[in-house]
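In what follows, chain A forms one complex with chain B and a second complex with chain C.
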Partner chain A sequence: MKKINRRSFLKGGVAGTAAVATTGLSSKASAAGDFGGYPDSMGVLVDLTKCVGCRTCEAACNKEQGLPAPDLPFDDFSVFDMKGHGGQKRRTSEKEYTLVNRYDIPGRDKPIFRKFQCNHCQEPACLTSCFVNAYTKTKEGAVIYDESVCVGCRTCMVACPFYVPTYTYSSAINPVVKKCIMCYDTRLKFGRPPACVEACPQEVMTFGKRKDLINLGREKIKRNPGKYIDHIYGEKEVGGTSWMYMSDVSFDQVGFDTHLGNQPIISYVKDFLAMVPMVLTIWPALFTGFHLLSNRKKANEEKENSKS
Partner chain B sequence: MIRKKKKILGMAVVMSLATSFPLFAQMSAEDAPETIEIGSIAEMYEPVVFDHAAHVLMVESCSFCHHHTTGTAPEKENCAKCHQEGDEASSVACVDCHEVKPFSSANLKAKGSDPLLYHVGRPGLKGAYHQNCIGCHEQVGAPTGCQDCHARNDKGDQLFHSGKYAPEPGKTGGHH
Partner chain C sequence: MNKLKARGFSPVVTHRKEDGSRWTVKEKLMLGLTPKEYWATQFKNPFNWIIAVIYAVGLPVLVGRFIFGLGWATHSSYDYPWGLFLGWGLFVMVPLSASGFMMGTTVELFGRKDFKSLERLGLLNGLLGYLFAVVFLQVDLGQPWRLVYPMFVSLGPAAVLFLVAWHVATYLSVQVAELVPAFSEWMGLKKPKKFIKSIVLGLTISGIILSTLHQGALGGLFTYTPGKLHPLWFSSAFQWLHFFCSSIFGGLSMLIVVSTLTKWFMKWRCDDKFLKNLDYCTLGLAKGCSLALITYLVIKIIAVAHDNEWGYLFSGWGQWYLFELTAGVVAPMVLYALAIRNQNASLARFAALLAVLGIALNRMNTALWAFNWKLYQEIPHWREVMIAITVYTTYIVVYRFVLARMPIVYSWKGDE
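Moving on to the complex of A and B:
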């Protein structure tokens, strides 16, 4: 279901883009693939082994971001058994920029929980794929967006390797992108940790300079032999992400895509992105690029699905 | 039955009284108050009235929760490398090591500028409490629900959209 949806969105997205491109909006300024992230940017290291699935982080995000009231109270744990289309776990939506899913792992004495939100990539595919430059990667590490610029084309939704951006489906006339902004406006830019991070009773999430967090993660792995999988997810994946994860079960068992590779997603699309201003004349290339991208994601998904 | 627990990092107990404790060669549990109200960081919940005396009976030594700070030898091998005999600290108050705001700019700066810092992953106060209490409670089958230890207050109900702030029933929308 979802795959078809995404691809049909894409068609709409590209059509929408044509209109924008003809108005001559500025092209991408950044040289795709050469960036590597701001040196002193902040990040969050998520230790999945500590999460107890209390959903306080979800509640805190709801409040901080002024999101609409949830369908169910945040202390209702039946959400962990909810299934979306095709039996997949809960996904972020315009009403929830973050959520926690439960995974029952055979042989593990208790379930493991995984918090999900934008990973704030070092080289964000959402940013690079956006034809109207709605996205910004701030020096603090957050990937934010300007709603007033967003045309709702959903290209970023297709480009994001983690399926993060969602849309205001409730607004039929002017749907815009909605996602976690690492609490940039209210906290991060003032040097304060995100609301979800601060609210968590278990201190599942550690906030700090991204480079310090990588060291911390490595230390933790070293000092607790056998406790953690020897990998920090997000240190290298898709060129690195500001939010990174540690786990005691393999990452593919907790819903992480372990086939994304370490190349930024933009490396796959930059060839045609460089030609954005000429978007109308390079129509076929554009289609090819997105086709490749969505096929690649599809292939990964299938790999994933066939395993579970 | 007193069950033995395998793994303990340190029960973080805010003892506001702790600083007024006399320094004995080695502290003993009798010096501690019977109950301790843990409420310095309570915001969405009522303070916890922690039955210290009852918990003392369940553990073999103070270091089970207090690491080395009460003067008993630490249980974890790794801690013992430096604090072999249990280097008694001038305070056993959790808050003296576990910061209330672990991620404040000042704190991050202090940590980041100390290349010799060993306790890099030391949790903040709230994390220390919950990781320790829940960690042990999980192992011994003691209650682990949020409100098993502290009742949520009105502010908490509001945050969780629960109690009198619960969404109208039957209004559950689908997920995208």
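Moving on to the complex of A and C:
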């Protein structure tokens, strides 16, 4: 170790502080209280018991969003028997933002169908994990995405508890995330329901203010004793979602993850985020102190030697 | 080269030839051999032939990834957005490169001059590991040319990855600065070395801060995935500590492994000081590793207790978890302890290899194998594997290139 005089020590300190100053910007811990969502945001309540699996919503979405033509036409119901990777049911892709899957429940006389699309979380994991702020939760309730800033790290896909965002891997020049945006640009912004909701012949989905939908759902459960599971999926899951579901079979039987808990995903990250500014402020003094302490003995010995 | 050395060849260690004239940069790059001799030795090295074969297959695939996109090179999975490039290239490479800040701290901050002969190798291991982690990241990003967006174009400062990006970028420049002395000795420049010497403490401390945070942040990235990562590998409270603590023995063990390889294959380049001190330094690092290993083992168990996950230990995943802890943590810990007790550096080297593999297993488990445990296992596309091997080979090639030239494992003679 070279001998440190006061001047070089200060210089070293300045470099350290400069590093802290530049990096300090990087670590805003968002440990604010839970965000309960915008007060008048809109949502959709899906009544799975009404769905007959006609796939009209898929066709409507395809048309509204200008998506490429599907591999199989929308009136082909063999898709319900398709198995993906690892025996998984169909999932959304860069070419389809929503789809319906069939579930055969033992003991239920008819199969039950479940529509899948982005649930538009109140506190979206995709949004909070994005390091270029590409996602926005609009006051209308939609979670939208700005592809012009996306770097393509795909952390949003890792973070989303519902496996919603997909990626245009096929593009080499401009790959981007693709997901349902609740028809924000063309409809929601103007107060109109998403295309899939409007197209549904069975009126499976109800569009309205999220808080009204929760009341409506509870009312329905009360008015039809024994019909519905006494739970609205999405009312509380991962901090609440704009899309919510009612079912007459337990939700884990229709492909919902019932172990996600009610905390928004970001609350699991806050332990780490809170630690960041502490390390930035405590470490410099702590380790400079260690350095001074470990060199103290040497300095003392030198002093002793010079005295004698 | 080892054979050449045995026949009396000595590689460049000073600015002047025996006749007093200066070596040119080109001659230094050729290690003091004539071009003909140099290329002849390269040609004779069987390892170069292996590299040539890997490149012959791998480079076209790597180029193809940028022409045809990620969809061509990988399975383009929506369920497994991160594959080998990040699983191996980022999450395994970065903890194994923690040696830079560990050696800086040991030598510069705590004044342990007795580890000086290994300091530069530690710094180089750190710098190159990070550099190639960034290369891997660039291969994986959908739009790598937008790498600076989180810095200057559109900022998402509350995201964990934002912190990783900033810290890896800043820390890379810190590590470049820390290696400037070696480069300036080799080039014969005095001023840069003097300047770095004057700020070395500041550099070292910022190195500690940045390393603590981004090693931890890599763990922090997985706190976004409570529903996807198996509970035994997931810990909201301690994930960052697990990643940080394991990077300590990961980096040091990697340094032991690399120094051993250097001693075996590049003995011609090592000077007597390096070789003489190596066993002593290895055992010293072994002490650090065993302390970090026992700490890590305890905080891993605490995490299981904290979230009350004992029940999972009896499942198949639990067995796999216990295997990871036994083979990758307990075994090296015990072997390190035995090595220290018996002053057996060879045993410490074997323990180091186990610890390195243990880290790799833990990170691969977290990023790929125990991830989406409720879904299915993703087996990477062969092109993805080939690209990962190619980039890693380049890492080894660059490593070897620098090691053969800069004064890393030997001391430069005569500053001028």
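The rule we apply is simple: the second predicted complex is superposed on the first by the 235 of 308 C-alpha atoms of A that agree within 3 Å, B and C clash if a C-alpha of one lies under 4 Å from a C-alpha of the other, contacts with A are read in each partner's own complex, and residues count from 1 in each chain.
What we mean here is this: contacts are C-beta pairs under 8 Å (C-beta built on N, C-alpha and C of every residue); 3 or more make two chains touch, one makes a residue touch a chain.
Note that the structure is a prediction, hence the values are computed from the model and not measured.
A.B. asks: So, does A:N174 touch the first partner chain B, the second partner chain C, both, or neither?
C.D. replies: second
A.B. asks: Once the structures are superposed on A, label A:G37 by its partner contacts, choosing first (chain B), second (chain C), both or neither.
C.D. replies: The answer is neither, since A:G37 touches no partner chain.
A.B. asks: Looking at A:G191 after the superposition, I want to know if it touches chain B, chain C, both of them or none. Which is it: first, second, both, neither?
C.D. replies: A:G191 sits against chain B, while chain C stays out of touch.
A.B. asks: State whether A:G141 touches chain B only (first), chain C only (second), both chains, or neither.
C.D. replies: In the superposed model, A:G141 contacts neither chain B nor chain C.
A.B. asks: Quick check on the superposed pair: does A:G208 touch chain B, chain C, both, or neither? Answer first, second, both or neither.
C.D. replies: The first partner, chain B, only.
A.B. asks: What's your read, chain B or chain C touching more residues of chain A?
C.D. replies: C
A.B. asks: Identify the partner contact of A:G234: answer first if only chain B is touched, second if only chain C is, both if each is, neither if none is.
C.D. replies: In the superposition, A:G234 touches no partner, neither chain B nor chain C.
A.B. asks: Just chain B (first), just chain C (second), both, or neither: which does A:G53 touch?
C.D. replies: Neither partner.
A.B. asks: Have a look at where A:F131 lands relative to chain B and chain C in the superposition and call it first, second, both or neither.
C.D. replies: After superposing on A, A:F131 lies in contact with chain C but is clear of chain B.
A.B. asks: Contacts for A:N62 in the overlay, against chain B (first) and chain C (second): which applies, first, second, both or neither?
C.D. replies: Touch partner of A:N62: chain B, not chain C.
A.B. asks: Would you mind listing the overlap between the chain B footprint and the chain C footprint on chain A?
C.D. replies: 91, 93, 166, 169
A.B. asks: Inside the complex, what are the residues of chain A that reach chain C?
C.D. replies: Listed in rising order, the residues are 1-2, 4, 8-9, 11-17, 19-20, 22-23, 25-30, 85-88, 91-93, 125, 128-134, 146, 149-155, 157-159, 161, 163, 165-167, 169-176, 257, 259-261, 265, 268-269, 271-273, 275-276, 279-280, 283-284, 287-288, 290-291, 294-295, 298.
A.B. asks: Which of the residues in chain B come into contact with chain A in the complex?
C.D. replies: Listed in rising order, the residues of chain B that touch chain A are 78, 102-105, 108, 111-112, 120-121, 123-124, 126-131, 134, 138, 144, 146, 159-162, 165-167, 171-173, 175-176.
A.B. asks: Can you list the chain A residues touching chain B in their complex?
C.D. replies: Chain A reaches chain B through residues 50, 52, 54-56, 59-60, 62-63, 69-76, 82, 84, 90-91, 93, 110, 166, 169, 191-193, 197-198, 200-203, 206-209, 212, 215-216, 219-220, 223.
A.B. asks: Quick one: which bits of chain C touch chain A in the complex? Just the residue numbers, please.
C.D. replies: 66-72, 74, 76-79, 81-82, 105, 107-111, 113, 140-144, 146-147, 149-150, 153-163, 165-167, 170, 174, 197-203, 205-206, 208-210, 212-213, 216-217, 219-221, 223-228, 236-237, 239-240, 374-378
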